[in-house]
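Each of the next two complexes has chain A plus one more chain, namely chain B in the first and chain C in the second.
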Partner chain A sequence: MNNKKWLILAWATSFCLILPALFLLAQSFAPDTELFDHLWETVLPDYIVNTLQLVSLVLIFSALFAIPVAWLVAMCDFPGKRYFQWLLMLPLAMPAYVVAYVYTDLFDFAGPIQRVLRALFQWDVAVGQHWFFEIRNVPGAAVMLALVLYPYLYLIARTAFLEQGAHLLQVSRSLGQSPWQSFKRVAVPLCRPAIVVGLVFIGAEALGDFATVHYFAVNTLTTAVYDSWLGHGSLSAAAKISILMLIGVMAILAVERWQRGRQRYYHKYTGQTALFHLSGWQAKGASAYCALLVFAGFILPALILLSYTLKSMSFNTDSQLGVVLLQTAWLAILAAVITTALAIIFSFTNRISRQASAALPSKLSSMSYMMPSTVLAIAVLIPMTLFEITLNDLWVWLGFDAPGLFLSGTVFALVFAFVVRFQAVANGTIESSFLAVSPSLDMAAKSMGKSNQQLLFSIHIPLIRKSISTAVLLVFIECMKELPAALLLRPFNFDTLATYVYQYVSDEQLEQAAFAAILIVLAGLYPVIRLTQTGERTT
Partner chain B sequence: MTTDSNIALQLDHISVSYQQKPVLDMLSLRIADNEIMCLLGQSGSGKTTALKAIAGLLPLLHGEIRLNGEVLSSAKHCVMPEQRGISIIFQDFALFPHMTVLENVCFGIKASAQVANEKAKALLALVKMSDYGPVYPSELSGGQQQRVAIARALATDPKVLLLDEPFSNVDHHLKEQLMLDIRKVLKQHHTPAIFVTHSKEEAFTFADKLAFMESGKVIQEGIAESLYFQPSSASLAESMGEGNWLKVEVTEDGLTKCPYLGTLPTSVPNDQQYSSTLRQFIRPNQLVLEANPTGNAEVIEQTFNGESRYYFVRLGKIELRVSTVSNNVSLPNGSLVDVTVLSHRAILFERT
Partner chain C sequence: MKKSGLTAVVLSILVSPVYAADKEVNIYSYRQPFLIEPITEEFTKETGIKVNILYSKKGIAEKLSREGKYSPADVVLTSDFNRLLEITKKGLTQANQDVVLTETIPTQYRDDNRHWFALTTRARAMYVSRDRVSDQQSLTYEQLGSPDFKGRVCIRSGKHPYNISLIASMVAHHGEAETKAWLTKLKGNLARKPQGNDRGQVKAIQEGVCDISLGNSYYFGKMLNNEEQKPWAAAVNLVFPNQIDRGTHVNISGMAMAMHAPNRAEAEQLMAYLSSDKAQVLYAQMNMEYPVNPAVEPSEMVKSWGEFEADALPLTETAKHRQTAYRLLDEVKFDL
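After this line comes the complex of A and B, so read on.
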């Protein structure tokens, strides 16, 4: 294939991947549906308020969790710092709905905490006699989400603090500013662009969360999308609500852009970084705060999951789990292989083409990652059902039996959604590995008369094979964990590992599926470990 | 002259460790009012650590640092960096990248915004950076950043200014002028300063006094000439510029003699006792070459560097480096020459 054919291939596949987003946008111009009007007049304003509250609270809590520990780990010396710097990443592997379940169980009226309190203080057994905080509400959901999302901000803020180096703060102090003034006037303003990027990411994740809020019976835009589609079967109402969410994401992104526009050229300073050697109560406080986050976000939920597993193992070994694992595995492998192959096509085309626009297919296909997966699932359904209806009509007109929902009713929809959603993950990994291959190798191969395909298969792929397996693995894990899209798009009676676990969560029976939940957590640990490793290399 | 009455900063037997390794070992130093002191030494000799200890960024294990009589640091007591009134300028200048030049200079001034602005503008004028107030540091050259860093450091009216390798990130051709300008500014402000470098050229141009450091101690302290002409250690002698090492003996009339050059017109300092096994350090410009077809030395190699010409000459079993003022007549390689030593005070060390 010559360069032109590669370009056509890249553009065509990229176009397929952005098709859902385009159809969703087109949907916003469609006439209003009855259901949407009804929702708009009744509950939707409340849902919007809930959503805004949830997202703002998640951002506030994440900042309160992440920024102090990022500062401590980057700038201070205290007992256990070496371990905390990666332990603090672990909560990323914990699905928020599992954390939510575990804490509900713990703080429930019938849970161990309240039982102990009642026994200790001789409380009345009747419900409502004594006040105890409620976690099944918007602030509760926000804490649960922040507990597992804060590591994104922690990671990015820690790197930013480290890059400032020691000199700026030392100069600030020699100019008469106290450590706190230096933190406020120098360290935080310098780190602000990085903090905003981290918050944008967390905001988008919180906006798209379905499982936690649904479990807490908090109604947000995400739950409204589910109700519209799964409850009322109205794709157009679901699409309209999705567009509202998309506007939310765009607003968050716009804030980030605006911030970045004001960002100046920032130098990277090097040199020693641990400025403050903490001792006494300060050191204890620092270690305790880090330990508390790791404990609350990972260790405690993991321990409770383990105890559930041990308890339920004896009387209920679910044979269904094997089937679910197998289904999830082949689905995830299929999606992972497709995304990685596409990523290779995009990167290779960009490499051999001399046009600046050749980078666009990869960039366009990565954009869907910022779409909440609930929105994405609805977006995937729109072109699919349209295509099916048209084809069915055509078939009937031609006198054949209608083929039915051969796309949206099968795993095809799920695989397609996974590919669209996680293309960015594969693109990122593959692109950076291509950059590490010297361009003079291409010229050498070409000068020896090799074709594009020979260049790709005998030079590039052998050189980047490690990254290829990494990309496959990362996408595989993401697919395994992905819940909202799987819930919306799975065929009847079909479960992935995540929907299987969530089914038990929403039936208040996570104990039965604790082992499956542990599998999700273990799978989630791999990308976290990789993140910490690359983080360590850059520092 | 440094007398007790006009001492600004005094370091008494200070010891500092960094990551469990001793870096400063009983270091003592005195800096007078309005004096610019240079800490000179190889990397790893403890120069930067000394600055950080003075700034209060590192704790002392032993000793005392006093400023105008007040104890700033001791093994038990440490005044916070922000309460010392000592400004520090780093090699990378450490200008705050999120602030304009004017904001950077205003940063440490404790006064109303208007007063701070006035003062900052005056300082920017002093360092010839008046036009750059609204500019961000990333848009400045190394030399310009250096000037801003000086203005910012002076803005708090520091009692002492510390400069850590301040000229190493500045373009070579701007360095000389920048050093003279900044020296003038410091003198105008009557601000005593300590600056750290490993370059003797910078030390000679910028400082009033030099202190040469080796393994955490000051080996020798004094004006540039005394370190250059009367170095107290072989490593200091070499740091002040390359030269030739000759095995010599002291003669009865206080001169030295060596195998191929005979008795040298170099007087032996009579304040020290020497054994018979000595080595003498002679700089290339203390030797003179003269073409002589029957001379006992031979030119084997030469380099030309504009102002001077370097010759490598073989004399018996020894090889000598000789520099001459360059002229357009050179001695060809292979030509025979006479080598004579100019009369000077001998730099002598025991042979090890």
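After this line comes the complex of A and C, so read on.
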């Protein structure tokens, strides 16, 4: 296929993926300035401030968690490193709302932590007079989100550190730089594109999160979106706010791209560098920090889930649960494979095309990640039902029986929504890997007379196969946990694990569904462990 | 050929009742499945009609509206009145003229145009610390704004439908300005930012964080039936506010038939069943709500909480002020 055909393919698929966002945009132009003005004069500024605070804190915490341990695990040797490599990924398998629930229980007024503190310090407990250890605020929510989101950055940063041109670090060491200095001055700047990609995922997740911030009584722009739509009844106001959030994020991305300028970050695959061997307090510190993250992000919540299950003894040997698990799993696999394939098409097309606009299909298809999930679900329904209704009407006019809602009433809607939502995840993973493949390889292939197809399948794909696995696994895990879109778009008598759990979480009775929550975690564990293994294979 | 054709036709007629039993009815529900499934399972046992439920906490009205005339929904179940009215106003429902419903559901609990029907009522009661609050029987919603309660009140998000309904009724009774003032004072009296759910506030009372909270009546029963939550309920009294004037604010859970219901006959059967004695008894026993069917009494436990005067203002009146309630909450920055 020549360049033009690839371009058409990329644009066509990208267009399908951005249809929901386009319809939402159209919706936002419907007049509703009154509500918008009202919001602006009252709560919108506070929401904006909260959102900025939340997202910044999540990014800062995630970076503080992920980057040091990614470096340590990639470049250093310390006790337990072999295990921490994959243990640090485990929090990915935990849905954020589960972690939020568990920690509020722990840090609540009557929870174990505060009780111990009160006993120790003899604090006054008269009503209305004591000091509260408030966990339900912006920093608290930020920590929760960072604890389950940092593995994205960890994974990407670790892969990037591992793939770094070994020679650069060798030079750095021979110039007498200590591990810390090599880290600060060479490794981190080199991995900038990867780190940015990771931070963008995390920022988008934090921005669109509703369940956790709602539970933590934190009001962000996403709150405003839900309020406008469900409270004030205006989808157009909700659409406006969603679009504004999108524009904000894109502006930040644009600034980063501009600032990065014409720098390029190529990796030469010359094998692994010798590791820095840590000892003494450095080694102990490294192990301790890794252990803390794994404990806080995975082990503690998992233990508490286990205790809930044992307490309520509801093992739910419901055979229904087994069916739900399988249903959720194959949906997730399907979405994962489709998004990765599309991501490869987008990145490859961008690479071989001389036009600057060839980068757009990828970027546009990533936009929907920033939308809160429920809004995305409605945005998916708009074009889908329009299409179905038109088709149904046509069928009836032709004299046949209406086929009914053959798209939105079936699993197709779910898969489509998952693909639209998580395309960004696949794009980012595949794209950063493509960027690291030197263009001289392409030129060499072309000079040997290889076609585009041969270039892609014989050269690029083998080189980026780590990313391919990563992308598939990441999207799989995300789909297993995804909730709001699944709630709205699923057909009758079809539950995903997350929607099953949600019945109970929404009533603050996670205990009843703890076993199902554990299943979500277990289903995510295998992919998570595979993810780290793919990171270990050297090219 | 013709003989076997005739045999086939005869056989299929004989067999058709079996096929006819494959009837179904589709529900879009705002209420959690674990609450309604016990009742719908009884319905299926009795009638052989299969029940399919789609539960979502938000967005059902939008979904219905997008699906248009090909929507598979037959019946919509809601857990509060505002949702019910919303789908009716948006033209997403149709009238159910079934006479049975007039016998089982009193006039004030059904739509004049026969679109929406209440199934149960619940009171927005006060949970009051047993030992720390005096004059409990004369408590009013308005008192929550009084200086006596500074730092002693816990409440869930003001924007939760249950609270919106209450605030709307305050606007209906007292007007906008006074309600706004009350909300400001109430916000000042809060022991902590609005958070959690109704039961979470009772937990806070038991822990000594606050002395008084608002919550739906049926939660009292649910807590008493739950090992972990029993101590919370044990620390409080359930009080029906405003018994000294207009009565306690009540809300309803209800049902409506979807505009384009594909299985109309089955939908009518289901709706008749839900309002019948059998189902109403289940609602009363399992969910500890007040059944609307006058022939069915509340459960023993619920009766033990006492009788109360309900606010006689029709819910349709209250619903008019829903938007105002939202607006006031924003102006006062109640949740922030």
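Before moving on, here are some points about what is shown:
The definition used in the following text is that the second predicted complex is superposed on the first by the 292 of 539 C-alpha atoms of A that agree within 3 Å, B and C clash if a C-alpha of one lies under 4 Å from a C-alpha of the other, contacts with A are read in each partner's own complex, and residues count from 1 in each chain.
In the analysis below, a residue touches a chain if its C-beta (ideal position, glycine included) is under 8 Å from a C-beta of that chain, and two chains touch if they have at least 3 such contacts.
Since the model is a prediction, treat every value here as computed from it, not as a measurement.
When the two complexes are overlaid on their common chain A, residue A:397 makes contact with neither chain B nor chain C.
By the touch criterion defined above, A:39 reaches chain C but does not reach chain B.
For chain A, the partner that touches more of its residues is C, with chain B and chain C as the two candidates.
When the two structures are aligned on the shared chain, A:176 is found in touch with chain B, with no touch to chain C.
By the touch criterion defined above, A:189 reaches chain B but does not reach chain C.
Shared-chain residue A:226: touches chain C; no touch with chain B. In the superposition on chain A, contact is made by A:235 with chain C only, not with chain B.
By the touch criterion defined above, A:490 lies against chain C but remains apart from chain B after alignment on the C-alpha atoms of chain A.
Judged by the touch definition given at the top, the superposed model places A:389 against chain C, while chain B stays out of reach. Residue contacts after overlaying the shared chain place A:29 against neither chain B nor chain C.
Residues of chain A that lie in the contact sets of both chain B and chain C are absent, per the superposition on chain A.
Interface of chain A with chain B (complex): residues 167-168, 170-178, 185-186, 189-190, 264-267, 269.
Within the complex, the chain C residues that touch chain A are 26, 32-34, 52-59, 62-63, 66-72, 86, 132, 150-152, 157, 159, 164, 191-197, 199-200, 203-204, 206-211, 228, 323, 326-327, 330-331, 333, 335-336.
The part of chain B that touches chain A in the complex is made up of residues 55, 57, 80-90, 92, 94, 96-98, 107-108, 110, 136, 138, 152-153, 155-156, 158, 162. In the complex of the two chains, the chain A residues touching chain C come out as 38-39, 42-43, 46, 109-110, 125-129, 132, 134, 136-137, 216-217, 219, 226-227, 229-233, 235, 374, 377-378, 381-382, 385, 388-389, 392, 402, 404-405, 408-409, 487-488, 490-493, 499, 502-504, 506-508, 511.
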